[in-house]
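Labels run A, B, C and D following the written order; every chain starts at residue 1.
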Amino acid sequence: MKTDQNKVRMGMIGGGEGAFIGAVHRCAAALDARIELVCGAFSRDPDNNRRTATDLGLAVDRTYNSWQALIEQEAQRPAPERMEMLVIATPNHLHVPIALAAINAGFHVFSEKPAAVSLGEAQQLAQALDASNCLYGLAHTYLGYPMVWQAREMVREGMLGTLRKIYVEYPQGWLSENQEAQDNKQAAWRCDPSLAGASGCMADIGTHAFGLAEFIANQQITSLCAELNTHLPDRRLDDDGAALFRTRNGASGVLIASQVCAGEENALKIRVYGDKGGLEWQQMSPNSLVYRQLGQPMQVLRAGVDQPGLSAEALRRCRLPGGHPEGYLEAMGNLYRDFAAAIRSGAAGSAPGVPGISAGLRGMAFIETVVASRESDTKWIELPNVG
Amino acid sequence: MKTDQNKVRMGMIGGGEGAFIGAVHRCAAALDARIELVCGAFSRDPDNNRRTATDLGLAVDRTYNSWQALIEQEAQRPAPERMEMLVIATPNHLHVPIALAAINAGFHVFSEKPAAVSLGEAQQLAQALDASNCLYGLAHTYLGYPMVWQAREMVREGMLGTLRKIYVEYPQGWLSENQEAQDNKQAAWRCDPSLAGASGCMADIGTHAFGLAEFIANQQITSLCAELNTHLPDRRLDDDGAALFRTRNGASGVLIASQVCAGEENALKIRVYGDKGGLEWQQMSPNSLVYRQLGQPMQVLRAGVDQPGLSAEALRRCRLPGGHPEGYLEAMGNLYRDFAAAIRSGAAGSAPGVPGISAGLRGMAFIETVVASRESDTKWIELPNVG
Amino acid sequence: MKTDQNKVRMGMIGGGEGAFIGAVHRCAAALDARIELVCGAFSRDPDNNRRTATDLGLAVDRTYNSWQALIEQEAQRPAPERMEMLVIATPNHLHVPIALAAINAGFHVFSEKPAAVSLGEAQQLAQALDASNCLYGLAHTYLGYPMVWQAREMVREGMLGTLRKIYVEYPQGWLSENQEAQDNKQAAWRCDPSLAGASGCMADIGTHAFGLAEFIANQQITSLCAELNTHLPDRRLDDDGAALFRTRNGASGVLIASQVCAGEENALKIRVYGDKGGLEWQQMSPNSLVYRQLGQPMQVLRAGVDQPGLSAEALRRCRLPGGHPEGYLEAMGNLYRDFAAAIRSGAAGSAPGVPGISAGLRGMAFIETVVASRESDTKWIELPNVG
Amino acid sequence: MKTDQNKVRMGMIGGGEGAFIGAVHRCAAALDARIELVCGAFSRDPDNNRRTATDLGLAVDRTYNSWQALIEQEAQRPAPERMEMLVIATPNHLHVPIALAAINAGFHVFSEKPAAVSLGEAQQLAQALDASNCLYGLAHTYLGYPMVWQAREMVREGMLGTLRKIYVEYPQGWLSENQEAQDNKQAAWRCDPSLAGASGCMADIGTHAFGLAEFIANQQITSLCAELNTHLPDRRLDDDGAALFRTRNGASGVLIASQVCAGEENALKIRVYGDKGGLEWQQMSPNSLVYRQLGQPMQVLRAGVDQPGLSAEALRRCRLPGGHPEGYLEAMGNLYRDFAAAIRSGAAGSAPGVPGISAGLRGMAFIETVVASRESDTKWIELPNVG
């Protein structure tokens, strides 16, 4: 296999057969034909690794048995064929070790979230990144949706006035039963503190809700009061939780994340209200944004290259005219497209349009604070001032 | 005007011109032609009182200038024409004084919520009621909807398994601006502590959310952690709030109530999840109930006398076949219909199917606890064990 | 029982136990406490008639064994207690005979639709009405909804520009099986040509769709091309059909009515599009009206006394603030309220705000034309120019 | 540029800058990383052609100035790098000429719809295909959606019983104004009979509605009665129409297609009803399928690899778990994935899972019949028995 000089050359660690998110990354990266998968270490299981690579048409000599081998040997390849960016699609505990090694070897990193298993580890990564010429992107997929950007832009332009309320919720139902004991790999590692970190549900999806809230509201959450729960007897991490919170700019809100809402799919939803109006967005109907103005009929803004009322940031994340639904892969594809463009532009640090290490630090601060709040009798706990 | 011997004879205090809720009660009471309005003291403003009475076709001698006069003089009328039940549609601070006087005079009472301005006052009312032969009903209108009963019955029958999560929210937007300074009577008294009691938003709509949660979940909330907010500089009571809570049976949840969600109408919504499934109901689409079961496609149960899957309690609260929407007035009409039937059956205390003093005590316990939590640095506050 | 001088005194023919629509009329008439039921002949079955009357609290001497007796004897009562308006809630074949007798005796008539069993019969009624001082109202309930009036007003004001397309559909599923053979009275007479007239589905619900289209589009349908079907072997009238149509003003459209759409409830829906915008209304979510404008984000107008963007005609048909759903009974209640007001105002012919004989003639013209088209090989059939 | 031996090598004719559908095909083909674009003739405008090719990273020697040159020169390349499949994304009049040349040169063809500008031309293509070893696929994108397959499978398995009604509608609004005179290329050729064929709206989107109806209902439409309209004075083809229709198996239905429904995006919707139940699917919410059963609560089946109740055909067209929306590009990606697989499997004629020449013939028969019906005073016109 020879490489296409125009496309960004991508490697992947994790994402072998049975690991849902690996294929998602590959589809999203492929969508705009700007990125080419050139190498991978998909599984610690050599058979799985080999089958995945073969299925993807990867050359044998670009299929590696370990993430260390991948980084080491790719670094020795001639520049024109060498991997440029590395996707990290492993359980959480490997995110930082791999990212550090990759950055050290000069590779751009696109990592699954959360960025790390602790805030300290994320800060270490931030320092390494700072000292490098590499880009770092975080797969906060929901921040790739056009209408999420539309909401952010409307808030920034003051269309809601001063924000008062932020409600964000992320109910799922897939851990209602003891999936981790039933050979469900994704459940197994997410419920294992040594692989997932100090939190289960809050690290897995609470961070998405938190990141979405700060992104759209365009302000930092500074304190919170949380409750975390674990509903199955043998489960070792939280599978559910909620938090009251306050922001630096005087808004308050509620964050809900749960993986035991039986029957729910992936119902991430956010509402923000200011003194002039409000917005509502639901991930499962991502192409609509409800806009309520005081004293005016409700509007529904719609995604699409031909749709009225959209900001430039929203429009450039649409591929199709209105009424041709774009979804989750397209949202992640937007992150990949911007990340690839940033690589070609020679940028370092963070890629415009892509959540970076700052979002990673914020997410880790959130996780540590909700875990601290779980144990505390004191109502309000402040978040570390990072990111 | 002569009275119809078959119909329950109703009087009303409050509900003059400009007081939205009075007309609502009258429509709901009239709907099934089982209740007849025979007297009223609709406003302290004599002109308003007279105009309202005339417009309603009330006789001059049954239109009273004060609530005291109404109770006193109706009590002296001959039994066949005497008022039987009294609707209290005044600001909160008069609920208990009027109710006590009415009960003392032997009249059944149907009161707007909250039952009182303090838990102590509600307990005083409960004692008086206990010592009487009167009925007491509380206008928790949402508990008159068929699909709310359907949800409760499904929980009781164990169709959701053991409940884990309860999310209830009640966003409104009508107090986003300073309505109370703009000659909006309903806003004015609701924002005045001497008329409304210790809470604004939580007393007005938080109690609805709380009552709905306990009703459907069929379990008591025992502790909570709340935040209340007041968003306008001259406003004297909370216009917004949220609470984490826990129930006696081990479920946990979140309650949101706000009157500053700009553009929201009356978006009361509840979701409950157990280890076998979940339910979702929204007041603004009251004839649907979403039922999610683990491992099964989502169902939508629908209100209507001919609709499949409904419990007896839901069916008997429907008047029409499916697809003929019934709404808020019909829900309140269900409470009135049951209250009138209880009067005719000679019952005392509480009317089957109608929230009674127990719901009133629970609501007051809720209000006092969220107000206490507002001021507290301690995370969890227990509710008084009443009702 | 004595009568309330302020209320309009109403009699009813039909609507005994088991006849769904009778109770609907009584609730709708009672809702605003402006109308009082004083007499009835509810069923040809004397037991049913007596039970219904007793249950309603009617005096024995105002309960009649036949519709003829009711009209004759009420006419002889003293004016202050005499029935003023007569509700006809019988199968179709009696609509005109009863209406003629009532008008002849000086009673206002509020009739179920269709107005007659033939256009000729309706024209005879129109003539009688013309020669009288009586009012005639037709229970096109859907024309009582606030958002239907809002749609009509927006079309009239030119907000859609010149109308091009009208799509109206009314799918039901309740005749998917052979209900008429299963002791379902409502199915039985609707499927019997001697009681229902020349059409089943089209007379029963096609007329609603037709009337709604002409009402909102504010223009007459002048020709159509229809197909009618009968899906059960022993069924004697159409249970399903569709028509292409054209209007006098150059618009075209499609009308669908079916009673064999298994699982559908009562899903009446209309969309109209002009060269500037479009509107969409669904009876099962009656408080929303979708408004699409060329080059603007979609709006959703909402019913409610406090909702922005509503015309006076819509507002005066709302009883409650936004978010408190009003439904089918409230819509019919609006017709009754306007009919009662017209009686008190001394009007004759038709009551402002209430569909009258003109709508009745149009509906009969529609039925006769679709039935003619069913048999014809010619594509377009013109409607008689009536109403 | 060297080619990847594993990927199917694709060429494209049409789809230059400004031609929306070209980029759509490229994204859909790229999504699963099974197909590689190796050559193209994107525009007759050499500058546009060159810019498009450069932007896509195509080699100069694989960028052709005409479709003839592309076919001729690709045919002369060595097999390992030669184009294998040709995507035709031109205006309609070139579909067959290019397809014939491609098949003649041994290339597989994936064509935009409609297949041809006349039924005769499509039949000529069918013959050529028959005599070849080539595959032919037609971009009926909507037939790539998982829930469309789910609906088809449920009909095939008899879950609806005997079908009675089929309602399919496709309202768009983008031709409400005179787009074709405003430098909108896509509007311009679609309204030009020499490029689009005998029909505008019906060829462009009516065929989608028709194809979807036959696909899901799993039966052929045999006769129809249509009305076509043209709403702008200078427009030369229909921009709107509707048809009553009947199927070979005794069902009847209505088809609506319009491009002047101001404000509508791309609202393709289908409902089918049998004697046991009904299904409803909407393209703009493609991951839900409403399933109504007689006597049972409504169900909503949902797309997703982990969702209950799905057939194998639906499941294998999902990439993601429930709640991660997949859209239009994924639907078309499913067609490309199946087409590529068929190429690698050595199939000829039609690719399993991809609409082929049979669908093309049916679509042309539909177009010719609606156009004939437009001119006819006879009600029912039979479709040619093809496909």
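In this text, contacts are C-beta pairs under 8 Å (C-beta built on N, C-alpha and C of every residue); 3 or more make two chains touch, one makes a residue touch a chain.
Predicted model only: the values in this text are computed from it and were never measured.
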Mutual neighbours - chains that touch chain A and chain D alike: B, C
Relative to chain C, chain with the most remote C-alpha centre: A
Length of the line joining the C-alpha centres of chain C and chain D, rounded to whole Å: 43
Whole-Å gap separating chain A and chain C, where each centre is the average of the chain's CA atoms: 55
In chain A, residues with contacts to at least two other chains: 264, 298, 302, 307
Partner chain C, residues of chain A touching it in the complex: 291, 295-302, 307-309
Of all residues in chain A, those that touch chain D in their complex: 1-2, 4-7, 20, 23-24, 26-27, 30-33, 37, 56-57, 172, 174, 264-267, 283-286, 302, 304-307, 319-330
Residue ranges of chain B touching chain A (in the complex, touch as defined): 160-161, 164-165, 167, 169, 171, 173, 176-177, 225, 227, 229, 231, 240, 242, 244, 252-254, 256, 258, 260-264, 271, 273-278, 292-294, 298, 376-380
